[in-house]
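The same chain A turns up in both complexes below, where it pairs with chain B and then with chain C.
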Partner chain A sequence: MLEVKAVSKNFSGVPAVEDVSFTVNENEYVTLLGSSGSGKSVLLRLIAGLLTPDEGDVFLNGTPITDLPCHERRIGFVQQKYALFPHLNVYDNIAFGLRHRVIDPVKDESIIRKKVQNTIELVGLVGQETKMTGQISGGQKQRVSLARTLVTEPKICLLDEPLGALDANLRERMTIELQNIRRELGVSFMHVTGNEFEALAMGQNMLVMSDGRIVQQGAPQDMYARPQDLITAKSMHNFNILSGDDLSAQLKAGTSDKLPATKLKDAHFCAIPMDKIDISDASAKTSGLSAEFLTSEFLGNKIIYFFKIENGDVCEVENHMSLRERRELKANATYQLHWKSKDILYYGENKQLLG
Partner chain B sequence: MDKVVSLRWFLGIFTAAFVLFLYGPFIVMGILSFQQGPEGGPQFPIIEWSTYWYQHVFGLAPPSRIAPLPIGEALIRSLTLAFATMVVSTVMGVLTAQAFRQPFRGSGVVFYSVILGMIVPGVLLGLGMVLLANQVGIDRNWWSTAFVLHVVYTYPFAFLVMLAIFNRFDESVEEASLSLGVSPAKTFRKVTFPIIFPGVLSAMLFAFTLSYDEFPRTLFTGGSDVTMPIAIYGTFAVEIHPNLFAFGVLSTLFSFSLLAVYGILLTLSIRRQNQRASGLQEDIT
Partner chain C sequence: MRSNKGTWLLLSPGIIWITLFLVAPLIMMIYVSFWTQTTFSIKPDMTVVSWVNFFSSDTYFGALLRTIRIWFTVLMVTILVGFPVALYIGQFIKNKTLQTALLVTCVIPFWTSFLIRVLAWRPMLGKEGAINILLQKMGIINAPIEVLLYTELSVIIGMVQIYVVFMVGPIAFMIGRIDGSLIEGARDLGASTWTIFRRIILPLSMPGVIVGAIFVTVMVLGEFATASALSGRKVNLLGNIIITQVGSLKWAFAAVAGVVLTVVMATFVAIMLRIVNLRNQL
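Up next is the complex of A and B:
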């Protein structure tokens, strides 16, 4: 339905988006994960028509819309900081698009009222209609912003970090609600976020963006288990990345069983899941990668231990409470880290997954 | 702690003294305007309290050797001129500030050439305008040459006020409107303008008051039909009577009432928002 083909955008010579292509299908929830500065917001603005690409084209249902101004594209855009109209109340904010849009404006107030009321019920804002935007909470603002866009029935809705400004509790609730709302309306959502959990939890399809490029796309499960690209692996925040000249020495020390020789030869980087690493005392008989314990972070259902390995990199070990008891480690003491060969992911010089 | 307290006292007293100094002339003028007339002069002591000079200003006093102030027509002229200047300068100021929201080539040159209008001494501009008008063969009038200079003078103020307003303006609301399918023109009308309206009011107030008591530019370029500041200056040259003070008091009150109107308009626009908060209101257009 929405097709982005080889789109690039520079800002005074600095590339912000480079040769990006992807498709969003009808009735699909796509998440786009990228750190700040990765160009994800610029990409959204290019699709929405708030920016024009230097190269490439955007198609909606097969029609090129690259040269159409923003207000003729019929693409919904929910902004990061809600951008509600401060001089209008909740009801008028939501009715704004229906009343004033260029294409097919609704003149009949009774139709507007019906549509707005339906959307207000859908997003759960009943009773807030007459409040000004300054009188409602962050979560409610988020809903108004969403309702304002959804009421105009766009075929696709772009959401720029929609949950970014909400507190953790609300964020969790909204993730579920967003999915429900989308399913009910049958529109496509393209949700941009810097939070890997959000991206994993919400998308049927997931894109990872870094330095203006899409580095990987696919189903969230695959992305998490076997990231094809080292950048994807990094952005999952689930892997320790080993690298450097002594990579094979590190692997040999830390791996408790036999290493595959062929992959080892080509590997420039290795990713080891944080929750697949065991810790044993320095005095233990088993060999391991020796590491200095720095500190730990208690997160309720899990605990994360931070180690410094010999080359100075920090290595994180995640301990789920349901699997293992909490261990008390001594600061600045040396421990042995080890893992199984089957858990290692190997990446070549081009940062792509080997084998 | 003691230091802070004494500093507070010092600053408080200083501020009070400053305000007193600020209003001093007005207070003296206010008292003297109630001097007995027509014999009482513009100095203390007050011979007897009376409203004679106020009657004199409105032409209600019995005829005497003191000529009435030639301000009737001058006042109308000044108000008309100030109003026209206000409209033109504010519109131009809003539009120029709007243009400056996006960087463009030569913006620095444009900025300083606009600002020049308020930096260049009025006498110089007035004199220059006279020379230019003579050269081109245009008559000098309050509604032509003087009006142009009033706009040149007040437009930078309106522009700067609007520039500050747009500086704090969050353009994401405009983008939201565009992405809802609303045209740029309607977005300006329905989103941008209502939000910047308090700023527009301030720009209008600035332009009006600056033009209303503008002197040097008008002196040179106003021609024979004088505006009020020139008319008042004209009466100085002969002899000063307390009728001038009475008029001063009245015009100061007029300025205050302008400020009050400004305040009321602002309050109304806030109250309108609160009303919307308490009950649905249909959009008429």
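Up next is the complex of A and C:
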């Protein structure tokens, strides 16, 4: 449905988006994961028509919309800052698009009332209609912003870090609600976020962006288990990345069974899942990668141990409470880290997954 | 209650100042307007003679109407001229430094004295002034336009030039505060540029218009210098009446004109503040 083909955008010579191509299908929830400065907001603005690409094209249902001004595209854009109109109340904010759009504005107030009321019920804002935007909470503002876009029945809805400003509880609730709302309307959502959990939890399809490029796209579970690209692996925050001249020495020390020789030869980087590493005392008979314990972080259902390995890199070990008992480790003491050969992901010089 | 004491302590300089220099003189002015005026002296015997004279005389009541007419014209023209300038500075100039620089540029005429600014219009607008010469040289007119100077028009031109900056400043400030994301939001919802101007920018800039209108009103209603300098004393505003009455020691009558002027100003300001709730908007 939405097709982005080889789109690039520079800002005074500095590339913000480079040769980006992807497709969003009908009735699909796509998440776009990227750190700040990765170009994800620029990409959304290019799709929405708030910026014009230097190269490439955007198609909606097969029709090129690259040269169409923003207000004629019928692409919904829920902004990070909500951008509610401060002089209008909740109802009028939501009705704005229906009343004032250039294409096919709704003149009949009774139709507007019906549509606005339906959307207000959908996003859970009943009773807030006459309040001014300054009188409602952040979560409610977010709902108004969403409702204001959804009521215009866009073909696709772009959400720029929609949950960024919400507190953790509300964010979790909105995660589920956003999915329900989308399913009910059958509209496609493209959700941009810097939070890997959000991206994994919400998307049916997921894109990872870094330095203006899409580095990987696919289903969240594949992306998490076997990132095809080292940048994706890093952005999942689930892997320890081993690298350097002594990579094979590190691997040989830490791997408790036999290593595959062919992959080892080509590997420039390795990713080891944080929750697949075992810790044993330095005195233990088993060999391992020796590492100095720095500190730990208790997160309720899991605990994360931080180690410093010989080349100075920090190595994190995740211990799920349901799997293993909590271990008390001594600060600055040396321990052995080891893992199984089947859990290692190997990346070549081009940072792509081997085999 | 210590906080209460502190509050009063902080408020007292303001209260004393306002009482001594605003409230007391106002009450005095109202009081004096009812005194009995004889040719060269004034006695505190209460009478309404000055009030009756003011409203029954064509000269004085006419001056009131003229003052209101000129004020209203100047107000409208300053909004019409000032708004586009403010819109340009506030919305189209994205660089904050340049915004400030442009606003300062608007104030540059104020670096010369008021009198020079007013009198400079004479060689511009006169029968053999710059505008007439230019238009004649260009062949647009055959005879000089005489209505340009020593008329109500010249007073209005002079006042607009002097006071328009007080309209531009507050409006530019309000427009500059409108977040770009609101405009993008409206555009994404399908609104055209004109709709965005009418439905978003205009309502959000209203507090600026109101503040500007209050500035312009307070200054124009009390004006006398521009009127006497550019009308050749033909256009008498309420301010000019007060000057001449005080000059001839007719204190009671000057007080009447003063009270009328104050009431007109206060009424306008009150109406403006009712239209826009400044406390909510600023």
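Here is the rule we use: the second predicted complex is superposed on the first by the 355 of 355 C-alpha atoms of A that agree within 3 Å, B and C clash if a C-alpha of one lies under 4 Å from a C-alpha of the other, contacts with A are read in each partner's own complex, and residues count from 1 in each chain.
Throughout what follows, a contact is a pair of C-beta atoms (placed from the backbone, for glycine too) under 8 Å apart; a residue touches a chain by one contact, two chains touch by 3 or more.
Because the structure is a prediction, the values reported are computed rather than measured.
Partners chain B and chain C, brought together by superposition on chain A, clash. With both structures placed on the common chain, the touch criterion links A:K351 to neither chain B nor chain C. Of the two partner chains placed around the shared chain by superposition, chain B is the only one that A:K131 touches, whereas chain C remains out of contact. Once the two complexes are overlaid on the shared chain, A:Q79 sits against chain B and chain C alike.
Among chain B and chain C, the chain that touches a larger number of residues in chain A is B. Of the two partner chains, neither chain B nor chain C is touched by A:K340.
Shared-chain residue A:K302: touches no atom of chain B or chain C. By the document's definition of touching, both partners, chain B and chain C, reach A:I103. Common to the chain B and chain C interfaces on chain A are residues 48-50, 69-72, 74-77, 79, 81, 83-87, 96-97, 100-103, 148-149, 152.
Contact residues on chain A toward chain C in their complex (touch as defined above): 48-50, 69-72, 74-77, 79, 81, 83-87, 96-97, 100-103, 105, 148-149, 152.
Contact residues on chain B toward chain A in their complex (touch as defined above): 170, 172-173, 175-184, 186-187, 190-191, 194-195, 273-274, 276-283.
Residues of chain A that touch chain B in their complex: 48-50, 69-77, 79-81, 83-89, 91-92, 96-97, 99-103, 109, 129-132, 135, 145, 148-149, 152.
By the touch criterion given at the top, residues 179, 181-182, 184-192, 195, 199-200, 203-204 of chain C touch chain A in their complex.
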